[in-house]
Structure formats: C-alpha cells, structure tokens
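Below are structures written as structure tokens.
Heads up, the next two complexes both have chain A, just with different partners, chain B and then chain C.
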Partner chain A sequence: MAEPPATVTLTIDGRAVTVARGTTVWHAAEQAGIDIPIFCYLDRMPPLGACRQCFVRVEKMARLQTSCTLVAEEGMVVSASTPDVRGAQERNLEFLLINHPLDCPICDKGGECPLQDQTFAYGSGRSRFVELKRDFAKPVSLGSVLVLDRERCILCWRCVRFGEIVAGDDALKGFERGFQTEINTPFTQPVRSKFIGNTISICPVGALTSRTYRFQARPWDNDAVPSVCNHCGLGCTVWLDVRDQTVARVRPRETPDLNDIWLCDLGQFGFEWLHAKDRLTRPLVRKNGQLVETTWDEALDLVAARLAESRQRGAGRVGVLGGARLTNEDNFLLRRVFREIVGTPHLDHRLDARPGSASLQVAWGLRGPLAAIPESSLLLLVGCDITEEYPIAWLRMKQAVDHGAQLYAIHPKPLEIHRFITGRLIHSPGAEGVVLAQIANAVRGQKPDAKVLQEAGVDPAVVAGLVARLRAAARPMVFIGKNALEGPAGTTVLHAAQRLQAAGCMIHIMRGKGNAVGAALMGVLPGPGGWTAPEMIQQAARGALDVLYVLGGDPATEVGDAHAWAAAREHTPLVVVHDLFLTATGRDADVVLPALTYAEKHGTVCNLEGRVQQIEAAVRGPAGARGDGAILLELAARLGAEWSYGGWEEIFADARAAVPGLEIGAFRTPPPLQGDWPANGALPARSADLVLITGEVLFDRGSMTARSPAIADLAGPPSVWVHPADAASRGLVDGALAQLSVGAAGLVLRARLTEEVPPGRVYVPRGYDAVPVNRLLSWDQPLVTVSLRAIDAAAAAGPGSEVAP
Partner chain B sequence: MIRRRWGQVLGMLRGLSVTFRVLFRPPVTTTYPDEKTRVEERFKGRHWLTRYADGLERCIGCELCVIVCPSQAIFVQAAENTPEHQVSRGERYAADFQINMLRCIFCGFCEEACPTGAIVLGHDYELAGYTRASMIYTKPMLTEPYPGAGGRDPHREI
Partner chain C sequence: MPVLRDEARDEIRRLPDHYEHRQSALIPALFVAQREIGWLPPDTLREVADLLDLPSSEVTSVASFYRFFFLEPPGRHLVLLCTNLACALNGAEHIRHHLEARLEIPPGQITADGIFTFRESECLAACYLAPMMMVDCDRFGPLTPKSVDEILERYRAR
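Up next, the complex of A and B:
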C-alpha cells in the first residue's frame, strides 16, 4: 500500500492551506494567519475541546466542529468567519460570561486576560442573562503563592491538565459536577507543587492569581526586562516586570529549547529579596572588634593596601572563594585582578566541595542540550534529586517518560517523583559507587554480584532490568548529582560513569548553582600550583593566607564542615566579603562590601548547558551598593593597573578573546568525561546508629530565600526527616522538636515523620541559614552517624544547641 | 460737502448709541477674588475621590483612569482590603492615589473610565501653587472628607 502523502491541503475561508498530515484545523488556520478564538487549548498539551470556543463550519459535516480537536484532511473546506460560525462563537462567549463575575476592575488578570480580549474581539457586548450568577466564596487562598477565584473560572482545565501532563504533580483537580464544578485542591489544602506558578500564567481568566503579585500593578505599569534566573544552574529565561524601580513579578520568558514557557516556583516567586529592607548599602570595616560603616574610599584603600602588602610578602598568599552568583564579566575581572595583579593562583568558585571530592575533578554541566532529554529512552539519576535541584530539567524528563522512556534513580532515599520511576535503587549511604560500578560492569558483559548488591541495599532484579535496558536504550543519559559526587564514593561513581560513557551513555554532571559554569569558563578555578576551595580553607587554617576574598557566597553555611571554615577565618588576618546581606560569613569578616544582584547588572551568564545568555539591569539597586565588577576595577586601579573598560560589552569582548567560542547564544558544552579516577569496590561499614544524609531542597531559607516571604513559607521550618519506626523508638511525634547531635555539636529541628526516608537514616535539608547543618558534618568523616532524641521546647535553648525558629 | 459731514455725524451717533445703551446696564465684570465666578453644572475642575453613603471609598484601585489619562497625570497603587481594614467594597482598594495637577488637562476621561464613579471632576478651579510638590495631589487631598463633599450624590449607582 502506498504511503499517504506527508502533507494535506485544505481550504480555510477560501484560502488554500497546506500543512503536515496530522495537523489540527486550528493550527492550520494559525499557520495561514487566520485567528480562531480559543481558551482550553494550549499547544504544549494535547487538545481537549472543553471550552467550545473554536467552532468552525466544515462542508459536508453536520454540525459545527471544534477546530482544536479536528484533524485537517485533504480537501476539507472550512469556514471560520461565516455568520453562523461568528454567531456560535458569540453565543458561546455569552454562555461563558453567564457565570463570570465581570469583576475585571479588581482582577489581577485585567489588561492581559484572554477572556477580556476575546470578548472584545468576538463577543456581542451584551448579555441576556438577568438571573443570579453562580456564587462561590472568594478569594480562596491555596497556600503561600496561589489565590483561587472559582467564580471567574471558565473550566478550561488547563491548570488541571498542566499538573497531569506537564509537571506530573496533580496539584489541582476538578471537583463536583455540572453547575457546581470547581477547580480546587482536596479539602482546599495548600497546593503542593513546585510548578504552580505556571498555572497562573496559563490560566485564560483570573481564576488563579499570584499572592506575591496580588494587586501590585497592572500590565501597563510594568516594563518587562529580559533576564536570566540565577537560582539553580539551568539559567531559565525570565521577564522581570518592573514598576517604579521595583521588580513586581517574574514571568517565564519563552525559550523553546530551554525552559520553554515554564518556570519553577522558586524562579517565579523567589525574587522579593531583591528589595529586602536589610540590603547592605554602606561598606563595613571591622574596627576594635566591631563592624562599622565607612566610606567606599576607606574600605577600598584598606583592602588594596592589604593586598599590596601581601603581594610584597610573596605570591600566593591570597585566596579567592566564590563567583557563582556573578556575571561572566565580573568573573573575568575577578580572574584578571587576582591572577594578573595580585599574582595568586588560588581561585575557586566551588565553595561547597569536600577536599579531594569528585566534584573538583570534573567539569560541571550537561554534555548535551536540555532539549535532547525527551529523545532519550533511558534516564538514570545518580545521587541527583532532580525536582529539588534542577526542577525545569524534570519537566523534560517527564516528557521523556511520557514518550516511553524508563527512569531509574540511584539514591539513598526515595525521590518525590517515585511514581514515574521504573526502578528504585535505594542504596545504603555511601554505596552508590559500588552499585554504579556493578551496573557499568554488567553493561560490559560481566555478571553483577547479587550478594554485593544486596549488601548495598538494592534489588539485584532491578539492576538486571536496568542493565538490559541500558544495553538496548536509545541515547541513554546518566545524571550525576551533588549527592553522589560529594559522597565518599564520588571517584568510584566517576570511574563507573566513564565506563558507561564508553558504552554509549551521555554523562551529565548536575552540579553548580547560578553562573557556576560561567565562573569556571572565566577561569575562577585554581591556576598552576593553586589550591581548590577546600584546600584554601585548610591552608588558611594553618595561617598560609594573608587575605581571603569571598564573593557572592556564604562559606560559613555552604562549606561542608563549619569547623574547618571557622578555623580558616580565625587564622586569616583579613577576610573580605562582597555580599547583598550581612550573612554568617559577613558577620565574621573584616571588610564587607555591598554588592549588586543579577537584576541590577548588565552582562552575560552561562547555564549548565554552557549556553551564553545576556541579562539586562532591570532596577538600579540600593544607593551605595556597587557591582562586583565595578568594585574589582576600583581595586585594580588602586593596585596600579591602568585598565579602562567603558561597559560590560568591552569586558565581554576581552573575555571572548580569552575564551574562544564565547558568543551570546552559543553553547560552550563541557567535554565528555575523561580522567583516571580511582575506584573503590568496598562497601562502607554498616552502622547501628542513624546515618545522616543531607540534600539540597528547592525551597529553603538561605540568605536570599529567607528574605522572600513566599519561599520561606513554602520551605517551612528547618526539619529532620525521620522514618516512623525510628521515630517511634525514640518517642518522637510528627512536628515535635528533636535534637540531632554528633559528639558535642547539636541542632534542634522539627521532626518530620515520613516514609520518604528509609529506616536507619535521617535526612536534613540544607540551605537553612539559621540552623546550619554543616556544624554536624566533618570533612574527615564522609558518613556521619547521629543521635536523635526528642526534647521539650524549654530545653531547646540549652548549651550546645541551636534553637529552631 | 454738507451731505458728507452729516453722514459722519450720523455714524458717530450710531456708534455712541451702543455706548449709551450699555452705560446703564449692570456691569459683567466681577471683583475676583472677592467674588467667585459661578460655573456651569458640567464644569470640569479639581478632582474628588468620592465615597459611598456608608463612608466606604468608591475607588477600587483598578487603574483604568491611569491607562486612559492622556497626559499620564495619575499614579495608583492598589492593595488588598482586610476585614480589619476595609477601605472600599470588595477585595481591592487604592492604597495610594496621586494626580499631578501640573499635567492634568481636565479632559474628564478618568471620570468616564471609572467603573465605580469614584473619581469625579468638581467645580473648584483655584488650583495654583507656589511649588511643584504642592501640585501633586495626594490621596488624603483628593478623597472627599465626608460622603457628598465633592458635590455628587453619595447614593448614586453607576
């Protein structure tokens, strides 16, 4: 039988339109430039035909047809603007408006509302409905960020289907029947999702609105400035809507091969810190043990003098930590100032790495574009909590799963997305290297050792299934996360991953926040003879450094061993910090310089794909604060350099000369894994005590997120996750205060009883600055065993403990 | 010759007849500012933000006046009503409302656009000031002190 032709030609409003076979009539009309009104259909999801707005007349078909669900066929004759079609569209709008409250003047969607626009374009301008409208209590709060107005809802189902099809979290659902149908969460509980902000942007009416943006501005008040989110490392493109020098909201900026039209809730609602009242505005210098406000000249003169002094004492007595929050241009200047003028090789942006950890031995980033993930038929997550660390990447993985891809996760605890995971490989802490090595061996033909796998805590049958699929898979991908790289088996994981790479897997190193990849590209890495960040901290503790220069980072809470940082601080005569707020590091520093955020700077940044993107300054920032690049240029001038840069473009031009291939829009994809990593086949010793595992969470209370009320609220209080069995034996109940101790160090946290953590382990989310978990961790001991006990609230303030808020 | 002179005298008398006729009418000039000129009912002068009879503000902070204003003279910042702090009917009210009287051209579009009849143009036309800052009318200056103070019926429905 002959193949049907790949295209069909149909007639719409008298115009011949040729489209690919399988295209719907609505899309065919769109391609021909014919506008058909629509509400329920969104081209990221399959058509539904719920709103009945897109009616067209098709010759030889009995009734009017919904064009979004109708597939175009050869020779179809469609009319989209005849009086009967226009009449049907007009009557449908009248029906939709019967129950719509028409409270546009108080509705946040007013001015950017598809229902308003289409009523204006296609409606009759009058209503024959004189009876009482449907009445719901409104507005209804659904958690920290979402406000629901059921009267405005036209039941298009976009938000419900977003949760089912795109995010996979089923956050919103339809309840009741007929006239009483409503969108809601079960029992109107706070919505549980990491992507709920997207339902606000796709809602065609004002039924779902944002709590942070509530009544803040009208669309005509805002200037939209293109920028790039700098929370996780994926660099999603955003619009910063600015009203009167204030960012009123953040919206996704469509980039089909990056974040598409989506954004996670941290990106969408985590921006209020930009305008926090306690942003630093004056330089601080320590005098007589106190940090006191001073002038820029005095602070910069002091820092420059001390840097020059150190330079005279010999090269390499200055260390630089941080850079992931800066732009490429700032990082380029950072490298130039400290390598060329100060003459130190000790620069590193990887603050949170352990000495000798695998993270320090591999280039971070995705080895292929994010948009290629849905083409893969097998995805393996190794120590990578994807929804917590890189949520937008999860949306791509969800697409792959919908296309039939298999998802496996090697992790010490179950993941939030467990119902999409084909095979769970929940291993005992520290055993990820052994498990991955067994898998790599099996893919290359060796038989996996069932006994070893069982000892590591994983099911050999699941491993066998994974191995069989890995051999047959198209474009298999392995995502190695921070948990695996920073764990005791990091190099074993890399060793195994390299062998999987040889067997055809693409290996992604999912590591780095903000512009970490850009910092690495610009050379904020140890030079010849230079120390890595943890080595710098260890050396500083021995008094080897005169100056520690910290930019846009908070080592006091980020370094994986609080005692190591404290020792470094104590034995370094001068610690200089650039930051937005007085962080834990800043409070102990000698000089604190107020810096600007990504929303206040022009420049470029790189994401985990190595994609170079431009950002624009949206607001001026607090008077008195200066950009990191500007501060570094001032220092350079004081140290005798005669540089003149007329703007970020000139710095970027210099950076391009130094880094080939650096162009806006270009990709600087990191090379495939190549290295000689030692493998260790031994399993860590089993412990009778509770093993502490930590991990990144999307919503936390760090220096920025704690100042974003919506995010701090979503994060909740600092908690320790305990399996109910472990809790019962210790007399802990859900929500009670618990003391977690390692030796003399202790933290007081709220117990969260959950089966999302296996027995014998406790999980503590990182990123809560008030309760820094790194006080319990130690670089010498990759696996920490802890004791956990219930305490009463009165004892919480006792010595050696931190009080939970 | 005589005919021509006679014509000139007649013309002069005709002209003077207007003078004499008006001479005995009451004068049209007023002694402003001692005496104020009466304005027509639909005169468009200084704005008022009116109230309902129960004292709640009519303005809901929708900013339709802002977008319709041809001289971009209006600034509005909305906020949310709470049961403890109910400023207007419904969910939304204007936390801040400013009109730059130096920019306003008194076209009355704001009054036409207003969905609740909150903003009205009153009869007050004495709007001079000594400083630019004094010409930015703020919400306390614009809001009528009691329902009906702006000259409109507080019971009227829009």
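Up next, the complex of A and C:
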C-alpha cells in the first residue's frame, strides 16, 4: 500500500492551509494565523477538550467540533468565524463566567489573563445568569507559594494535568464531582511539589496565583529583563520582572531545548534575597579584632598591599576559592588577576570537594544536550538526587519515562520519584562503587557476583535486569551525582563509568551550581603546580598561604569538614571575601567586600551543558556594592596592571580569544570521560551504628534561600530523617528535637520520621547555614557513624549545643 | 504507620493483579479499606496509595468523587436518594423534602443521633422503582412519604 502523503490541505475560513498529517485543526489555524480562542489546551500536553471554547464548524459534520481535539484531514472545510461559531464561543464564555466572580480589579492575573482577554475579544459583554454564584472561601493558601481562588477556576484541568503529565508529582487534583468539582490538594493541605509555580504560569484565569507576587505589581508596570537563573547549574532562562528597581517576580523565559516554558520553584520563588535588608553595602575590615566599615579605597589598598607583599615573598602564597556565583567575565578577570599579576596557580571554584575526591578528577557537566534525554531508553542515576539537585532535568527524564524509557537509581536512600523508577538499587552507604563496577563488568560479559551485590544491599535480580537493558538500550545515559563523586568510592564509580562509556553509555557528571562550568572554562582551576580547593585549605592550615581570597562562596558551611576550614582560617593571615551577605566565612574574614548579584550584572554564564548564555542587569543593586569584576579590576590597577575594559563585551571578547568556541548560544560540551582512575573493589565495613548520609535539597536555608521567606518556609526547619524503627528504639517521635553526635561534635535537629530513609541510616539535608552538617563530617572519614538521641527542649538550650529553630 | 490489618493490606496488594493498570484496583481497594475502618480517614487514604504505589492525591480525588466513599465518619446507615431524571419526574423532589423534614438535616449530613447519613445520588439503576432510594445495600420504591417513614423506622431499630 502506498504511504499516505505527509501533509494534508484543508480550508479554514476560506484559506487553504497545508499542514503535516496528524496536526489538529486548532494548530492548523494557528499556523495560518487564524485565532481560535482556547483555555484548556496547552501544546505541552495532549488535548483534552474540556473547556469547549475552541469550537469550529466543519462541513459535513453535524455538530460544532472542538478544534483542539480534531485532527485535520485532506479537504476539510472549516469555519472559525461564522455566526454559529461566534455564537457558540460567546455562549461558552457566558457559561464559563457563570461562577466566575469577575473580580479582575483585585486579581493578580488582570492584564495577562486569557479569560479576560478572550471575554473581551469573543464575549457578549453581558450575562443572563442572575442566580447565586458558587461560593468558596477565598483565597485559600496552599502552602508557602501558592494561593487558590476556587471561584475564579473554570475547570480547564491544566494544573492537574501538569502534575500528572509534566512534573509527575500529582500535586493538584479535582475533588468532588459535577457542579461541586473543585481543584485543590487533598484536604487543602500545603501543596507538595517542586514545580508548582508552573501551574500559576499556565493557569488561564486567576485561580492559582503566587504568594510572593501577590498584589505586588500589574504586568504593565513591569519591565521584563532576560536573565539566567543562578541556582542549580542548569541555567534555566528566566524573565526578571522589574518594578521600581525591584525584582517583583521571576518567570520562565521560553527556551525549547533547555527549560522549555518551565521553571522549578526555587528558580521561580527563590529571588527575594536579591533585596534582603542585610545586603552588604560597605566594605568591612578587621580592626582590633572587629569587622568595621570602611571605604572602598582603604579596603582595596589594604588587599592590594597584602597581595603585593605576598608576591614579593614568592609565588604561590595566595589561594583563590570560588567562582561559581560569578559571570564568565568576572571569572576571566579573576584568573587574569591571580595568575598573571599575583602569580599564583592556586585557583579553584570547587570548594565543596573532599581532598582527592573524584569530583576533582573529571570535568563537570552534561556530555550531551539536556533536550536529548527524552530520546534515551535507559537512564541510570548514580548518587544523583535529580529532583533535589537539578529539577528541570527531571522533567526531561519524565518525558523519557513516558516514552517507555526505564529509569534506574543507585542511591543510599529511596528517591522521591520512586514511582517512576523501574529498578531501585538502594545500597549500603559507600557501596555505590562496587555496585556500579559489577554492572559495568556484567555489561561487558562478566557474570555479576550475587553475593557481593547482596552484601552491598542491592537485589541481584534488579542488577541483572538493568544489565540486560543496558545492553539493548538506545542512547543509554548515566548521571553521576555529587553524592557518588564525593563518596568514598568516587574513583571506583568513575572507573566503572568509563567502562560503561566504552560500552555505549553517555556519562553525565551532575556536579556544580550556578556558573560552575563557566568558572572552570575561564580557568578558575588549579594551574601548573596549583592546589585544588581542599588542598589549599589543608596547606593554609599549615601556614602555607598569606592570603585566601574567597568569592561568592561560604567555605565555613560548604566545605565538607568544618574543622579543616577553621584551621585554614586560623593559620592564614589575610582572608578576603566577596559576598552579598555577612556569611559564616565573612564573619571570620579580615576583609569583606560587598558584591553584586547576577541580577545586577551584564555578562555571560555557562550551564551544565556548557551552553553560553547572556544575562542582563535588571536592577542596580544596593548603593555601595560593586560587581566582582569591577572589584578585581580595581585590584589589578592597584597592583600595576594597565588594563582597560570598556564593558563586559570587551572582557568577553578577550575571554573568547583565550577559550576557543566561546560564543553566545554555543555549547562548550565537556569531553567524554578519559582518565586512569583506580578501582577499589572493597565494600565498606558494616557498621552497627547509624550511618550518616547527607545530600543536597532543593529547598534549604543557605545564605540566599534563608533570605527568601518562601523558600525558607518550603525548606522547613533543619531536620534529620530517621526510619521509624530506628526512631522507636530511641524513643524519638516525629518533630521532636534530636541530638545527632559524632564524638564531641553535635547538632540539634528536628527528627523527621520517614521510610524514605532505610533503617540503620539517617539523612541530613545540607544547606542549612545555621546548623551546618559539615560540623559532623570529616575529610579523613568518608563514612561517618553517628549517635542519635531524643532530647527535651529545655536541655537543648544548654551550653555547647545548637538549637534548631 | 499502617492502620489496616495485615490481611486487608495483603488483599489490597493482590488487587492490581486482576487489572491491566494499577489504577483500576483503586476503587476495589477503597472498598476494602472502608470495610475495615468504616470510612476513609486521611491516613488510610495514604496507606491505600502506598500499597498501590499511586499518588495519595489521586486516591483522595477518586474517593471524593464517589458517593459510596466516606471521607468523614458516616452514620450507622446510608440513605441515598436518587434525583436523576426518572425519579425527578416521579416526585423525587417531594420525597427529598419529606426526608429532610423527618431526618431534620439537608442532604450531605448526618442525623443528630448519628443513625443516618443522608445523601442525594445520581442514578442507582432502578428506574422501574422511581422515585426510589437505597438504604445501605437495599433498594426501595416507588416511595411515598408513608413508605419512607416505615423504612426509616425499620433501619432506626437496626
């Protein structure tokens, strides 16, 4: 049989339109520039036909048809504007508005509301409905970021289907039935989602609005400035909506092959820190033991003099930590100032790495575009908590799973996306290397050792299934996360991953926040003979450095061993910090320079794909603070350099000369894995005590997030996750205060009883600056066993302990 | 924390085997849970969700859709009055007023003595009895105010 032609031609309002076979009539009209009003259909989800607004008349069809669900056929004759169609659109709008309160003057959606716009364009302007409207309590708060107004809802189901189809978190649902149907969470509880902001964007009415943007501005008040989110490292494109020099809200900026039209809730609601009242505005210098405010000139003269002094004592007595929060241009200047002028090879942006860890031995980033993930038929997560660390990547994985891909996770605890995981390989802490090595060997024909796998805590049958699928998979991908790279078996994981790469797997190194990849590209990495970040910290503790220069990082809370950083600080004569806030590192520093945020800078950044993107300054930033690049140029001038840059473009041009292929919009994809990593096949010793596992969480209380009330609220108090059985044997109840101790070091945290952590382990989220878990961690001991006990609140206030708020 | 007995949990776990999709086992599973507890408290809905590996929001959504599931503790007996077309044409409205007066509550509530939960219902597939109602698992009709009184008396005693 002959193949049917690839296109069909139909007539819409008298115009011939040729479209690909399978296109719906609504899309055919859209392509022809003919507007058909619609509410429920959103082209990221299959059509539903719920709102009935997109009616058209099709010749030879008895009734009006919903154009969003009707597939265009050859020779179809469609009318979208005849009186019967217009009449149906008008009546449907009248019907949709029966229960709508028409409270546009106080509704945040006003001015950007499809219901308002379409009522204006297609409605009759009057209603025959004189009866009582549906009456609901309004508005209802559904947690920290979402506000629900059920009276405004037209039951288009976009938000419900977003949770089912796009995010997979099923956060909102329809309840009751018929006339009483309402969208809500179960029992109106706070919504549990990492993506709920998107339901606000796609709500075609004002039923779902944002708590952070509530009554802040009208859309026409805002200037939309294109920028790039600086939180997780995926570099999602955003609009910063600015009103009166204030970022009123952050919205997703459509980039089809990156974040598409979506954003995670950290990206969408985690911006209030930009305007926090305690932003630093004056340089601080330590005098007589106290940090006191000073002028820029005094601070810069001091730092320049000390750098020059150190240079005279010999090269390599200055260390630079940080860069992930800076633009490419800032990082380029950072490298130039310290390599060329100060003459030190000790630069590193990877300040949360353990000495010798696998993180330090491999280029970070995705080896292929994010948009290629849905084409993979097998995804393997290794120590990568994807929804917590890189949420937008999860949306691509969800698409892959919906296309039939299998998802496997090698992790020391269950992941929140467990429903979508074919094979859960929950291993004993530290055994990820052994498990992945067995898998890599098996893919290459070696029989897996069932006994070893069982001792590692995983089911050999699941491994066998994974191996069979890996052999047959199309474009299999392995995502190696921070937990695996920083764990005791990091190099074993890389060794095994390299073998999987040879067998056809694409290996992604899911590591780095903000502009970490850009910092690496610009050379904020150890030069010849240079030390890595942890080596710098170790050397500094031995007195090997005159100056530690820290930019946009907080080693006191981020370094995986608080004591190591404390020793480095103690034995370094001058610690300089660029930051927005007085962080724990800043409080102990000698000079603190107030810096600007990404929203206050022009320049470029790179995401984990190596994609080079431009950002624009949206607001001026507090008077007195300066951009990192500007600060570095001032230092350069004081150190005798005669550089002149007329703006970020000129710095970028210089950077392009140094880094081939650096073009806005281009990808600087990291190379495939290539290294000689030792494989350590040994399983870690079993422990009878509780083993502490830590991990990144999307919502935490770090220096930025703690100053974003919505995010701090979503994060909740610092907690320790305990299996109910372990809690019961210690007399711990959910929400009680618990003391978590390693030797003399202890933290007081809220116990969270959950089966999301296996028995024998406790999980503590990182990123709570007030109660930093790195006080319990030690570089010498990659696997930490802890003791846990219930305490009463009165005892917790005693000396030497920290009370969780 | 599990609330359901182990036998009921096993019964629910086995249900998906009968269906092509896990979701299809949800309504039978909710009946099992309601048989055990008498109604469906939030914890129980979560437990059913865990047992079937379904989102608990979906389980709650479905439970709220069907009139046979209780999200609050019900009365001892369930009175479902059909108000669909055949019953409406045969005087269901009149019967509703009568029930409201006798039970001293509007539809959707429980009588003060806790004996009856009174609800309006979509078609109960007994149009030949119109106007009709169902009390627990028994159907009654064609109803008159007098027969309604007799039926209520009978159940009040049980």
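By definition in this document, the second predicted complex is superposed on the first by the 803 of 805 C-alpha atoms of A that agree within 3 Å, B and C clash if a C-alpha of one lies under 4 Å from a C-alpha of the other, contacts with A are read in each partner's own complex, and residues count from 1 in each chain.
Heads up, the rule we're going with is that a residue touches a chain if its C-beta (ideal position, glycine included) is under 8 Å from a C-beta of that chain, and two chains touch if they have at least 3 such contacts.
Nothing here was measured: the structure is a model prediction, and the numbers come from that model.
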* Partner chain in contact with A:G560 - chain B first, chain C second, else both or neither -> neither
* Would you check which partner chain A:G518 touches, where first means chain B only, second means chain C only, and both and neither mean what they say? => neither
* Using the superposition on chain A described above, determine whether A:G430 touches chain B (first), chain C (second), both, or neither. => neither
* To do: Could you tell me if A:P47 is touching chain B, chain C, both of them or neither one (first, second, both, neither)?
  => neither
* Of the two partner chains, chain B (first) and chain C (second), which one does A:G383 touch, if any: first, second, both, or neither? -> neither
* Just chain B (first), just chain C (second), both, or neither: which does A:P724 touch? -> second
* In the superposed arrangement, what residues of chain A touch both chain B and chain C? -> none
* Structure fact -> In the complex, the residues of chain A that touch chain B are 103-106, 110-111, 139, 214-216, 218, 220-221
* chain A contact footprint on chain C (complex, rising order) -> 1, 42, 45, 53-58, 60-61, 64-65
* Touching chain C in the complex: which residues of chain A? -> 163, 169-177, 185-187, 419, 724
* Tell me, which parts of chain B touch chain A in their complex? -> 60-64, 66-67, 78-80, 90-92, 115-116
